[in-house]
Amino acid sequence: MIIILRPGHSPAERQAVEDIISHHGYRSVPIVGELRTGIAAVGDGDKETLCQCEAMPGVERVMRVISPYKLVARVAGHDPEPVRIGELSVGGDRLVVMAGPCSIESAESLFGIARAVRAAGATVLRGGAFKPRTSPYAFRGLGVEGLKLLVEARAETGLKIVTEVMTPETVDLVAESADILQVGARNMQNFPLLLAVGRTHKPVLLKRGMSATVEEFLMAAEYVASEGNPNIILCERGIRTFETATRFTLDINAVPLLKKLSRLPVLVDPSHGTGRWDLVLPVSRAAVAAGADGLIIEVHDRPNEAISDGAQSILPSRFNKLMEELAMVAHAVGRTL
Amino acid sequence: MIIILRPGHSPAERQAVEDIISHHGYRSVPIVGELRTGIAAVGDGDKETLCQCEAMPGVERVMRVISPYKLVARVAGHDPEPVRIGELSVGGDRLVVMAGPCSIESAESLFGIARAVRAAGATVLRGGAFKPRTSPYAFRGLGVEGLKLLVEARAETGLKIVTEVMTPETVDLVAESADILQVGARNMQNFPLLLAVGRTHKPVLLKRGMSATVEEFLMAAEYVASEGNPNIILCERGIRTFETATRFTLDINAVPLLKKLSRLPVLVDPSHGTGRWDLVLPVSRAAVAAGADGLIIEVHDRPNEAISDGAQSILPSRFNKLMEELAMVAHAVGRTL
Amino acid sequence: MIIILRPGHSPAERQAVEDIISHHGYRSVPIVGELRTGIAAVGDGDKETLCQCEAMPGVERVMRVISPYKLVARVAGHDPEPVRIGELSVGGDRLVVMAGPCSIESAESLFGIARAVRAAGATVLRGGAFKPRTSPYAFRGLGVEGLKLLVEARAETGLKIVTEVMTPETVDLVAESADILQVGARNMQNFPLLLAVGRTHKPVLLKRGMSATVEEFLMAAEYVASEGNPNIILCERGIRTFETATRFTLDINAVPLLKKLSRLPVLVDPSHGTGRWDLVLPVSRAAVAAGADGLIIEVHDRPNEAISDGAQSILPSRFNKLMEELAMVAHAVGRTL
Amino acid sequence: MIIILRPGHSPAERQAVEDIISHHGYRSVPIVGELRTGIAAVGDGDKETLCQCEAMPGVERVMRVISPYKLVARVAGHDPEPVRIGELSVGGDRLVVMAGPCSIESAESLFGIARAVRAAGATVLRGGAFKPRTSPYAFRGLGVEGLKLLVEARAETGLKIVTEVMTPETVDLVAESADILQVGARNMQNFPLLLAVGRTHKPVLLKRGMSATVEEFLMAAEYVASEGNPNIILCERGIRTFETATRFTLDINAVPLLKKLSRLPVLVDPSHGTGRWDLVLPVSRAAVAAGADGLIIEVHDRPNEAISDGAQSILPSRFNKLMEELAMVAHAVGRTL
């Protein structure tokens, strides 16, 4: 950390900064410029607490040198590490496509969609049993009944299943059924939930919060890893910006950036990232071309009657076309589907 | 809801839209313009689900006419409704100032700050026992021990106490000690938590999510109200924007807007809203001038040694000056402190 | 336009709205719902002015039904229209790549870069002679001398040239030398400049403003077209968001969306869109996969000594590799390079 | 500037960084930490160009220590400097309120509004003769005719006049009539325009760009000052964020922050900053409470028939009430109106 002193600081103010630095376990190294004096805090001290010294009278600002995540960082010269889900591997040469309805609505609809996405080449079935909804008056999912339907769909199709978990106390329940635990965008900084999924050994699909920076996203992953669960899959799903023509702005830059900064696999959710079914196909191609390790896509057999997210769900027939196009883009960037 | 049809839609596409409208319990009223045809869905049907028809082939877009919150809305011609906390009233003529440290760190520090803010005119003591932190390596609060210290501080000073609750299963525990349950910005859309605090009768201080629109903020309040708890205090605490000179951008527009749209009292948090102790004073004055019903402010006796949020905490002496200045602004806008 | 009346409006307030509607050349069509009454303004009146009626006492809000651009809109069922630059065509099957230094610095450097990008397959040379710079103390370009160097580079390499024009009064000067007039992001709403380039017949490369919505971007294009110049190439170059890990957030959603809404070709600038040379390659591939008609890329032979934008410029050797990879992605989406 | 080297950099990469540092006129001072090595560039070299070294292979990132504005900065211990407009002073104890219509529409309307705002206590008349409009089909102002009407209104009322200038070549024309030259938000980074108004001696009202950071805003002021014109008035007018309930988000934090960082007076525009006439009053009070040196407000006698910005214009009667309320808030913060 480097602490920049205000022009005209007093010797006592400077001394106070050096005292705080050593109080927190660091050594002070002065940097004397023409217009400003800085003091580097060198060593392995208590970073979070030292930051507070920004409030001291002699301090202009505090500059952090090192990003605070460690377990999920990519070590220079090391390869990324795929996450294994049974015989599947997320983050290897072969892309993984997760597909299915936003909410699980009925056995008939779920099974039909599951069969269709499997035939098209998806290997994981998505479907919400517990649904976070902006309105308290909206459908919040079938709950445990939905989990049972997912398990049946897995038995019939062989697809792995991913579904969202919303509270620490339901983590064990959901983990009994699901192959992958999804932490939704609205819960990316629900720290008790992150710790709870971190205490399982299940793979976790962690979606980026809609206003989370890349650093905060990796810190959320660090929470999961800090409890001993290294099996984390990151998912870029669009951030909130001033643009209203699309529901969110898919941050395509984040895909290669996350691959550089972290050892974790990176998926993209073009359904939430655009909010429009008619943009899902081109944006999915873009995600693969940017280096994503896979996609998670909302597919519905009757989008206009869907209980949630119909406007961004695609028909199975369109999903089939999407998989054909993705195969070609995957090949162009040295991957397979 | 008004559904705008695409130019060149077929009669079958239009019929499909009218069928969906009646399927969801509405009546169709056509609006024929020069360049577009719209169909209004009139009546009291299932709004959330009808929205999905944006995915239909003949539909250009769906325009919502009415905001979806009801219980927390301000009814035309009705006054706002203060929230009572024992003998205190939030939302009346007298402003309510909540103050205290970000985290509870020790008995000595907490009691000293409590006495100081009380002497300056605060009526509620804030202090975090359970702390959401971006890094898993940062201090996460004293937990139950912190709650005990708060209760002792209340006994000694007579201040009411407000503290954050982070999970549904700890709501009862926190509610035993606290006078006001705080739901933090990162949990504004933690829907199970909203429902859990909604099932208590405790006043709830609901902080706006850092990327929540005013409508989403009111919908979160509606969640709490939908479970039978009408005692909700809204708190504007800064939104995330492109500006990095301040930690967040305090949305001053939201203060009078929330007062217009909702019957609920509105507080402002200038500490998080600016992230800089040297801006807390002028922005506090602005909040009161804009019509806020009170403030929640971080005060620390040694900000540069604070475990969290030191850079935005003010000294008790500065808090005293702030209260004097606020009293004058309050008077200028017809309120008291 | 649809005008929603406030609940509890008086008959006189409603009459006033209907009077304004007919005053501006429209016909009123009432839409009576359970909770709100709306009045549609039907016909071909003065839209901009009618919008002002949002200020009327009986009005809750005004909803626009139709986007206000016409000349640049894509007519349903019609193909997009390529822009011709001599024998080149932007927006056809073959992608167009524009490359070169941010600023023109010297003849030697420019000619070297020009030869290198041409060898790699670029067909247009970019280079700034007049440079908008955030600081008045930064290099502002070689001006007319820079234009001369561009013309020489064209003579030697056969590349077309694109360069920025910053004021209405220099449009003719720049148009004498350049094949394409670039309007920079900071000038996207410099309306006198848009009108001035609209009065030439030169192709215009219009960059999206860093905080412009897709609709505002198309309205800026409409300005150019409204003066009789239909030869407009849109360029997505990243928008300003809360994310600071990259200089801007490249809005990949905008690429297919602009192709849907408009008849104009769409380029992507991955250099400004990311601000990091090490992200240019994957994001370029993503742009092509999303359907972009080409790219504009900053290439410099000694990026670390560049006068501007060195951090986002790539070496000619890396550009060569990029073109090879793009060729494969282009092929995968049915285009050529 | 401090250059952080990548972990695992080679000695040659480090040497290259030190060479560049000395090449640009600085001296290298190494800072060796546990996990990273930094090199401070000390002295008075070429900052803009050194920044480009972020592209070098051994460099992780470049951290700027000092803000790049000088002429407009507030020197520690010095008071802010008011700007004089004849006998008026902007930035002194007495607040300055500028008021008038968005566009000048007719002599009758302008003179009526001018008399009304003067009676209420405004000292400057605002009114647009040259209007930037998002749509090419909207009214763009009366031009020279509008300037003449402003001059007549000044003669009649004694109000000073402020009006927008949009191109470098019309600066002299506008400066002949206006007392204050307004540079609009969309032109905040129209650098040729900034230089042109910098070459006059007229006071300049510089509005913040809708996506400009505080630092960029001050750099734009630095442009004006760099040409010899120190008479600059800053104006916060709302920034673009994700919130759509208001037209822009007025950045109240920026008001005290600009006063700290700069010697220039700071005005607030609550009309554009909110976009809603019914929020203008409370937000005006907030601006004064936060320390603004004045306001610029849109007033129209028939807002619902206004040619532009009717929805955010207030009636003269409401402006009168606003001035009464402002007088009280001004008094509470030690100012007069």
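Should a chain be cited, it is by its letter among A, B, C and D, assigned in written order, with residues numbered from 1 in that chain.
Note that contacts are C-beta pairs under 8 Å (C-beta built on N, C-alpha and C of every residue); 3 or more make two chains touch, one makes a residue touch a chain.
No experiment lies behind these values; they were computed from the predicted model shown.
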item: Those chains which touch chain D and also touch chain A; value: B, C
item: Chain B-chain C separation of Cα centroids, rounded to whole Å; value: 38
item: Chain centre separation in whole Å, for chain C relative to chain A (CA means); value: 31
item: Separation of chain C from chain D, taking each centre as the mean of its C-alpha atoms, in whole Å; value: 26
item: Where chain D touches two or more other chains, by residue; value: 211, 240-242, 244
item: Topology of the chain contact graph, where touching chains are joined (line, ring, star, complete, other); value: complete
item: Complex interface listing, chain C residues touching chain A; value: 211, 213-215, 239, 241-246, 249-257, 260, 273-274, 276, 278-279, 282-283, 285-291, 325, 328-329, 331-333
item: Complex interface listing, chain D residues touching chain A; value: 2, 4, 6-8, 29, 31-36, 38, 40, 42-44, 63, 65-66, 76-77, 240-242, 244
item: Residue ranges of chain A in contact with chain B within the complex; value: 16, 20, 23, 48-49, 51-56, 62, 68, 132-140, 166-169, 186-187, 189-192, 194-195, 210-211, 216, 219, 222-223, 226, 240, 277, 303-313
